[in-house]
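This report concerns only the one structure given below.
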């Protein structure tokens, strides 16, 4: 019978046992989500900044689309990546289906709109403050991008964390494109689904507690780094 | 590079420059010629169009009619704003930043920035985040940043309106230092005393219209327009 | 975060990443069903196979319907599923060249222990299903086109019933989630014995009907067509396919027990 009590004790026992299978699942979860967030950030930060700075026809359409894609159901993203990477699909020859790389691709698709849309907001706000000074210094819009991204960095840490939160919490996409293969593509969230389907609810909840603890830890570290830097730099 | 050097000043010509925003005429067509290495003060009550005229001259805004152009190549320019816009980094890095933009060799940036900080009495604050400096210190940092740009023309938009008397003095000294090293000054103010201390010539604006462009002496002793006279006497002019 | 730290992190991630990607190439991807995965069978027999052949088997556990789709698209090297009619069609369509019986287990009907429809007294599965339908007792169906779901639908048909109405609830879920839901709402459900025995959250559910020959649940291994999907690891997949029906493979399947109960019965010819 499930009580929150034995879920916590299961979680604790899991952590204390330092079980190899568990460690590899945790490491893979972090790897997949961190790599996905790094790749998504490399694309989405400049993209969001460019959207904040340039006015072009159809800009509003792009912004609305990005905002809408923030709510893209992970299963849909997973299904699209599945069809793309499937042997019968256009990128099938790469043989990436059911690999961690496929999971990264799916998560990049999920995370990119969040980071791009929120970056646009942050940079747009900062730009309205900086525009005259930067124009006066003779900066082109292209050269304003790194300056604005760097000066918006404290806000952008939160943006990137939001992306990381989505990546590490989702299960629909990685389940489809990863296949939840034991030791290869099994991550925290897919393990939780598996344990739930086995009726092993204390284990499922125990894994959930570990996932939550990890995500909390990463957020805390980022928060502390951000706050310290903010206090130093004003 | 400790000695500040600015080449001979170029001439700015505004030809029937007007500015209309959403149907409101903010600046009536204005023709104007700024030449020589003067200290020009733009005066007038709030909403007269002082800042607008300055932004048009500096090129931050494009006029809706008329043209702004420089005789010869456009000179190096800098602008200091009423509220200094400083980047979220240290005082020193705010300065090395503009040197990097202007392609100063990496190894020279720090020494040049430090000497500019010293010149404006900010050397002891080099490592401090620019955004936590006092208002006066921030404005001096903005002036130090402008200094590094070697401007032939320096625009200042109400640079002292939010400062205490000591800080105002420091900014005015800095303006004079720019001028002595050959930089043309164009500055807005609504402070008559400041204008008397600094101005070689005066542009007087009222309701988006340039009413006077005359030497400071003439302006303060014998203003030709009724509005300017009232302004000098400290009466409210609307 | 300064740039050095960032580079370090990126480097570490990248290195361990390439490690994952460069892992042994000697593996096949097997599309199979949640029932076999959830029961723990693969954890028991794959290490034996890997030890003998050096080939790792990566199991993607899905419903039988999705497993066929994965096979048709060429996304798995081998299939082990339980829908004989569907498997024969799969061979007939040219996606597989050979189908072999590997093992069977059986389906059972579980339900609330007070058994409101009285199916524990029924003489055949047809009788049991009629009793559920007549009493309109809640029944949770997988509703996901899995092998179990297909088997269940065939039995309703055999009993001359078109299951519909408020009592018949299609969940669109895997076996485990369906058992969780049935336990939660006190419904009858149709499950394979392996998943049921390994299931850890039965609450008030209990086994009420078993033993009819119509509940026989045959698993088959499919050897995929090299012509249709030349890129697949056919040599390795063929070793797996043959091992499953070999004496060693059949013994490994027979040896797997949960709580002293054998879950799968090898029956290769």
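When the chains are written out, they are named A, B and C in that same order, and each has its own residue count from 1.
Just so we're on the same page, a contact is a pair of C-beta atoms (placed from the backbone, for glycine too) under 8 Å apart; a residue touches a chain by one contact, two chains touch by 3 or more.
Remember, predicted model here, so these are calculated numbers, not experimental data.
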item: Labels of chains that are neighbours to subunit B and to subunit C; value: A
item: Chain whose Cα mean lies nearest the overall Cα mean; value: A
item: Contact-richer chain pair (by C-beta pairs counted) among A-B and A-C; value: A-C
item: Per Cα centroids, the chain farthest from subunit C; value: B
item: Distance between chain centroids, defined by C-alpha means - subunit B, subunit C (Å); value: 78
item: Euclidean distance of C-alpha centroids - subunit A vs subunit B, Å; value: 46
item: Separation of subunit A from subunit C, taking each centre as the mean of its C-alpha atoms, in whole Å; value: 32
item: Multi-partner residues of subunit C (each touching 2 or more other chains); value: none
item: Interface residues, subunit B side, partner subunit A - complex; value: 55, 58, 60, 77-79, 81, 85, 87-90, 97-98, 101, 129-132, 149
item: Residue numbers on subunit C that touch subunit A, as the complex places them; value: 1, 9-10, 13, 16-17, 20-21, 23, 29, 34, 37-38, 42-43, 58-62, 72-75, 174-177, 179-180, 183, 198-203, 229, 231
item: Subunit A to subunit C touching residues, read off their complex; value: 1-2, 27-28, 31, 34-35, 38, 86-89, 92-93, 95, 97-101, 179-182, 184, 194, 196-201, 225
item: For the subunit A and subunit B complex, residues of the former touching the latter; value: 129-130, 132-133, 135-139, 143, 147, 150-151, 153-154, 232-234
